[in-house]
Structure formats: structure tokens, C-alpha cells
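Provided herewith is a single structure, encoded as C-alpha cells, for subsequent inquiry.
Letters are used for the chains, namely A, B and C, taken in the order the chains are written, and counting of residues starts over at 1 for each.
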Amino acid sequence: MELFTNQVLAGIATGAIYACMALAVVMIYQAIDHLNFAQGEMAMFSTFISWQLMQWGIPYWGAFVLTLAISFAAGILIERLLFKPLAKAPILTNVAGFIALYAIINSVAGLIWDFTIKQYPSPFGSSPFLGSQLISTHQAGMIGITVLLLILLYLFFQFTRVGLAMRAAASVPESARLVGINTSWMIALGWGMAAAIGSIAGMMIAPVVFLEPNMMLGVLIYGFAAAVLGGLTSPFGAVIGGFLVGIFENLVGTYIPGVGNELKLPIALALIITVLVVKPAGLFGRSIVKRV
Amino acid sequence: MTALLNVSDLRAYYGQVQALHGLSFSLNEGSLTTLLGANGAGKTTTLRAICNMVRSTGGIEFDGKPLGNRSTENVVRLGIAHVPQGRGTFTTMTVEENLQLGAITRSDKTAIVSDIERMYAHFPVLKQRYTQQAGTLSGGEQQMLAVARALMLRPRLMLLDEPSFGLAPLIVRDLFKILGKINREDKVTILVVEQNAQLALELADQAYVIETGRIVMSGKADEIANNEDVRKSYLGY
Amino acid sequence: MSAIQEVVTEAPAVEAVPKRAMTLGYGTSLAMLLVLILVPLFVKNFVIFQLTMLLIYALAVLALNILTGGSGQFSLGQSAFYAVGAYTSAILMEHADINYALTLPVAGLVCFIFGFLFGQPALRLSGVYLALATFALATAMPQLLKLGVFEKWTGGVQGLVVTKPDAPFGLPMSQDMWLYYFTLAVSIAIYIFSVNLLKSRSGRAFMAIRDNEIAASAMGIDVALYKTLAFGVSAGITGVAGGLGAIAVQFVAPDGYTITLAISLFLGMVVGGVGWLPGSIVGSAFIIFVPNIAEGISKGLSGAVFGVLLFLVIFLVPHGARQVAVVAQHWLGKLKNG
């Protein structure tokens, strides 16, 4: 039993990483209705920017805030330059665009900062949290940040005009235009916010997985899985999904014999798919009834 | 009286297909005009062309300003509210949020709050349901919500696309009564597209009849309603 | 969770491609065929090998096209079917000494069954959910192939070496050239089969499902059957391509069939034009040659160059090669009439 509790705790700790990423995934899904495959790379690039700023002597929180702002602007810029022209192209063409973006960012990051892993500092330290060996202060801090982010997003979407306009533009674009909302800019704003949230995810994750151009690959996959599991329409679901995936992954690794690190992912995914087969819209998602 | 909206030689296209063939008409400030015609005559297209939701050529002037290359949202910002066919309800949001969205381009907070109260006075049923998700409303209620949402813009011109569609006759009468009241009391110019010609002509003071993308008839609503030939050949009653 | 359900009339994810527009005219087809037959006579063996791979990937892209362009289902798991086909052929050839040509139908059949079965749970999923499910399949496959239980057959991480066949009947041509013509024959057969499939009752059922699933079921189409069937056929063709691939590269190993392959095939489909079967070969050319070109332009930034080239293509022709073909046809028509 103690093994079980410990593994669940450890799962929650890794789950916080996925939750953070899943939140960014849901954010952009809300705005543009696609899963952005380049999201992890964007987060990785942001994290490198913050690392670079710190190398230049800017203190952690200063670099944090600057990176947030840069990422937000870069997200908008990417949308305006690369994806706005594709707004009328078929969905699958857009997906190809995400893959292209992925290749570009990954390659450029590798060229600028090379592929060796780098230490990345944590603002919360890495001592045991409340005496527990399983959760460090960094992981606790990460969970705290994720929850805080979730609350802020909730407040933003529920109680601000821009938040309301963004939700409207995402749910019924045509009607949104008819009440005077510039839906095209709402999409850009969605990209900006997703990039900023992604950068937070990256900066929180980097102390755990170390900083290198491929650091987000696994995280993004689990982040997608978490977002899909929780329901792509629900930021709250995404966070819960993130923790669940973290727990799943740890329990699978502990209790199923012969599962090495490499089979953990497929089995976790298979479990998620099983859930989806029963609840196709995810645990907290809104099911969509199609009409002829 | 001056013309609030002036449409001249309007041609609209869906891909290669031309849907409007040189439509011209004008709406006087404060008037309540109806655009009549059969299915596929081009009524909806006309409204969509005014809001730049379809590709079109020709001149559309609103209050002296050409609308030609403005985006839909910028047309709306000039004070043209469009209640689309199918009502365009934000189904996942609450009734109150739908009303707030109607006023999203305005920044006068206190006036918005009082306008929402005014809408609840016009449509008491919306007040009862203000925290309810709009998708759970009945068709009639959603239509009222759509009209209320459009009014939240404080429009100078309101375009309504078949407001009677799919509603019970009694509800349609109620709705049209309210439209008349809005037109008189709030001085909102209204253009309503209808298939239900009889009801629309009772409500409107001006009417245009359109057939396969061309205007074939125009005049005072009561004159058209009383002209038996027109009624038989174009309006089918 | 919200109390109400959202009702939407959703535009289909894949735009409707009319049946006739999915293929080429007779004249163009024959010209294309002639080029494919003659080119190997004038190039080096390595280029012939590359052309063989071009055909093989074109088959795999075609298979994805049938699934996505035909029935509207999206798959990131094609690499798994490709791997199963490759291993089936390799194991039959190396362990059971079966003639390479005979292993292909077996590979196709095994993959058909595999795809058909996989299509069952996938029935409940669509869009991103299906993408995730197929993605899971793709990531799992290399790991499964490495499992110790199968090592006796699969060769584990090491993989299997496959012998390249000689030209039969003492024909005076190199192994590469023979394999090219053999692949070409198989490809043509599968292409003709695919074109006819999409023209048939089943093809119409696929497209009806793609365009509107609810309406299709209201017309009496057994949606579940046809959706799984589409998965099966697509997997089967991919399996044959995988088998051919194993013979051509003379080697199978788990890490040759990762998610990267599935993503490449997906890109091939988009570049070729979703739902346009002849585009498969254009898409295949893109995924084979463009990475090399990118590498040639800049070694350090090859990923970035590839990304930029891909962006250029989708900016210029968001509908892929099909768009080029449509425009070309339009101009040709004008020339004829003018």
C-alpha cells in the first residue's frame, strides 16, 4: 500500500509537467481548433530564451517575465506570418504547417544552442517538500504555478470582455463576426497566450528534464494525451488529465512486469484510448452532437 | 427623409455562380422594410452581401459611407446588426453572456447594464433564463435572444433573416409586434427578409419583391398587399 | 461538464473530392507509365534504387489517401502497418524460405486483418482522438518489435537481413533494375485496384461517410463496416508497400519504422493533394528528395530548410499537387479552345 501511495505521489509530481503542457495545448485548441504539433518546440525555444537571458545576468524572475512577453509576441507573430495565410487552406494543410514549424524551430534551436543538455535553475529549489522524498519543492512549486495559471485563465475567460470575445470567436466564428468581434485577431491572441503559457510550462519543466532542443518531445505527447483525456474543451479537465496521465504512467511502470521505460508510453496511451472509447469527448469535455 | 442604406447594382457570387444580378434599393432612416421572395430568390444573399459575408460587387452605402471593402466586423461596428438565419446563438454560453456579446464593441459599461435590463423588459422570458445556457432555449426563445443580442449593439440598422422560420404562428406574431415597437420607439431602421409575406407586409411600411436575384416589385407595403396580381404571382397567397 | 450538448453542422475535415477528379485521364496515365518504364534504362543503379523507393512510398501514401481522402479517417499509425508488412515479408523469406513475390500477398493480408481489427475500436473515435489512437499505435510498434518474446523471429533490436532477389529467367538486368520493374508492376496493379475501388459501390460508401456520416447511415450504408473496411484496405496496401520496402533495402529493424515514417507519409499525402490518387507519387517524391535537398543546402539547418520548403509548398499550393493539375488542365483546355 505504501508503494502504491508513493507511486501516486510521484505520479502527481510528473503529472504537474503534463498538466502545464496540456493547459497550453487546450488554450490553442480553443482558439484555433487544432492541436499544434509545434507547441512543444515553441515552449522549448522560449525556455532557451529565458536561459540565454539568465546567462546575460538577468535574475530569474526578470528573465521569466521577459520570456513571457517575448513568447506572447512571438506567438502572435507566428500566427500572423505563417498561419493567417493558411486560414482558408484545408485542415490537413495546416497540420503540415505545424510539422514544418516544428522542424524549423527544432533545427534553429539546435544551431544556436547546440544539442548538449544544460542545467536549468528552479526558483523553488530542489529540497524535499515537507520532508517527502517523492515531491521536491520544485515540483510542489510547479503544481502551485499550474493551479494558479488555471485560476487566472478561468477568471480571464469568465470575467473579461476579451475573454468573452475569444470564447465567442472560438465557438461560433460567424456569429462572433456579426457582433463585431475581429475573429482573426482573436486567433492571433490565442496563439500569443498559448505561446506564453507554453513558455511557463517549458521553464517549469526544464529543471526536471534538463534543457536541450528535444526536451519537449515526450512531454508534448503526454501533454496531448492529457488534454485529450481531460477533454479538449476544458482547461480544468486538461489539468486533471495531466495528473491522471502522470499517475497512470507511474503505476504502469511499477505494477506491470516487463514494462521498461519505452513501453510506458504506448501503454499509457492505450489506457487513455480505452477511456476515450467509453467517453469519446474526454472526461470533462463537452460532447458535440453533429447535425446533418 | 434621407436614405440610411443605399444599395446600387449589387451583384453577388458563390464561387462561379452568380446569385444577385444587379440589385438596387434604398432604406429610409426609421423605416421598416421587408424583402420578399421565394426560396433561392437571393434574399439571404442580399443581407449577407451588405455585411460582406459573400463576394459581391456594386455599391453599398451606409449613412453616406461605402461599405465595399470593410470586413464583416467593421460593418457591424458602424451600427448594422444582423440576425442571421438559424439565429447564430452562442449555444454554449449563458443567455446573459449572449447579450453581453451583442454589446462587445461598446465600452459604456453602465449603459450596457441598463440595456440588458431593457431587453429583459422587452423579452421577459429571457430574464427568467438569464443564467441558462442559450442552447437549451426553445426555438422561439432563441429567436428573441438573437433579436435582443442584435439590439444590444444599439444599431441604427437591423437586418433580420427570416425571423419567423420554424416558429409557431403565435410566437411569430409576438415577435413581429416587438419588432414594430422597436422600430417606432427606438428609431431603429429595420430590414426584414421573409417568406411569410402576409405577416411581413402587415408589419412593414415598405416592401421589395425579389426574384432570381433581381428586384421585380417595390412600393408601400399596404399597396403591395392589396394588389391581387402581385400577391398571386409573387407572394403565393 | 456542461448540461447541454453542442449541436453543430460541421464542415467535413476533408473537403469533398468528386470521384472523377480523383484520377488521371487515359492519355496522361499512359504518358506517365511510359516515363516510369523508360527512365531506369538511362540512370545509375543507385538512382534506380531511389526510384524503387519512390514507388514504394507512393504506394504507402496512396494507402493513406484511400483512408483519409476516401473515407475521411485520419491516421498517424501508417508506419505500424508498414512495419508489420515489412516484417511479415522478411520473416517469411528468411525463416520459411518463401519466394519474395509470394510473401507480398501474405503481408497484405496480415495487414488487412490487422487494420480491420484496429478499425474496430477506432470506430468510436474521430478527428484528434483518432489521430491520438493511431499515433499510439505508431509509437508502440517499434517497442513491440523489440520485445524479447518475438526475438527468435524478429531478430530483436538487430533486425533481420533480407536477401535481394535476382532477375528471374536469366534476364540480363541488375538486381536493382529487376526490383524496380517488379515494384512498378505491383504498384500499377494496386493503383488500378484503388481507382476501381473508389469508383465502386464501396468507394461511393467511403465518400458518403467522409462527406456526412449521419446522412450516410441514414441512406442505409453500414458505416461501421465501411469505416473498418477502409482501415483494412489502407493497412493492406501499406503492408504490401512495407514488404516491398524490406526487399528493396534488404533489411528490417524496429527503428526503421518510427512515428517519423508515419509523419512523412502524412506530409506526402498533403503535398500530393488529399484524395487525389495520382498525387501520391508527387508526395512520395517530396518526402524522399526534399530532405536530401535540404541537407544539401545546409547541413546544420537541414530541418529548418525542410520546414521552409514545406511552408513554401503549402503557401503556393495549399491543395497540393492536385491544385497544380487542376490549373494545368484549365490552361490546357483554354489552349485547345483558344
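One rule holds in what follows: a contact is a pair of C-beta atoms (placed from the backbone, for glycine too) under 8 Å apart; a residue touches a chain by one contact, two chains touch by 3 or more.
Since the model is a prediction, treat every value here as computed from it, not as a measurement.
Participant: Taking each chain's centre as the average of its Cα atoms, which chain lies closest to the overall Cα centroid?
Facilitator: Central chain is A.
Participant: Between A-B and A-C, which chain pair is linked by more C-beta pairs in contact?
Facilitator: A-C
Participant: Distance from the CA centroid of chain B to that of chain C, rounded to the nearest Å?
Facilitator: 50
Participant: Would you mind pulling out the distance in Å between where the CA atoms of chain A average out and where those of chain B do?
Facilitator: Going by mean C-alpha positions, chain A sits 43 Å from chain B.
Participant: Quick check: how many Å separate the C-alpha centres of chain A and chain C?
Facilitator: The mean C-alpha positions of chain A and chain C differ by 31 Å.
Participant: Out of chain B, which residues touch more than one other chain, so two or more?
Facilitator: 91-92, in rising order.
Participant: Going through chain C residue by residue, note those that touch at least 2 other chains and give them in order.
Facilitator: 2, 5-7
Participant: Taking each residue of chain A in turn, which ones touch at least two of the other chains?
Facilitator: 171, 286
Participant: In their complex, what parts of chain A are in touch with chain B?
Facilitator: Of all residues in chain A, those touching chain B are 161, 164-165, 167-168, 171-172, 174-183, 286.
Participant: Residue numbers of chain B touching chain A in their complex, please.
Facilitator: Spelled out, the residues of chain B in touch with chain A are 51, 53, 71-73, 76-77, 81-82, 84, 88-93, 97, 100-102, 104-105, 149, 153.
Participant: Which residues of chain A touch chain C once you look at their complex with the stated criterion?
Facilitator: 35, 82, 85-86, 88-93, 95-97, 99-104, 106-108, 110-111, 171, 221, 224-225, 228, 232, 234, 262-263, 265-266, 269-270, 272-273, 276-277, 280, 284-292
Participant: Sort out for me which residues of chain C touch chain A in the complex.
Facilitator: Touching chain A: residues 1-2, 5-10, 13-15, 68, 74, 121, 124-125, 128-129, 131-133, 135-136, 139-140, 143-144, 146, 212-215, 218, 263, 266-267, 269-271, 274, 300-308, 310-311, 314-315, 318-320 of chain C.
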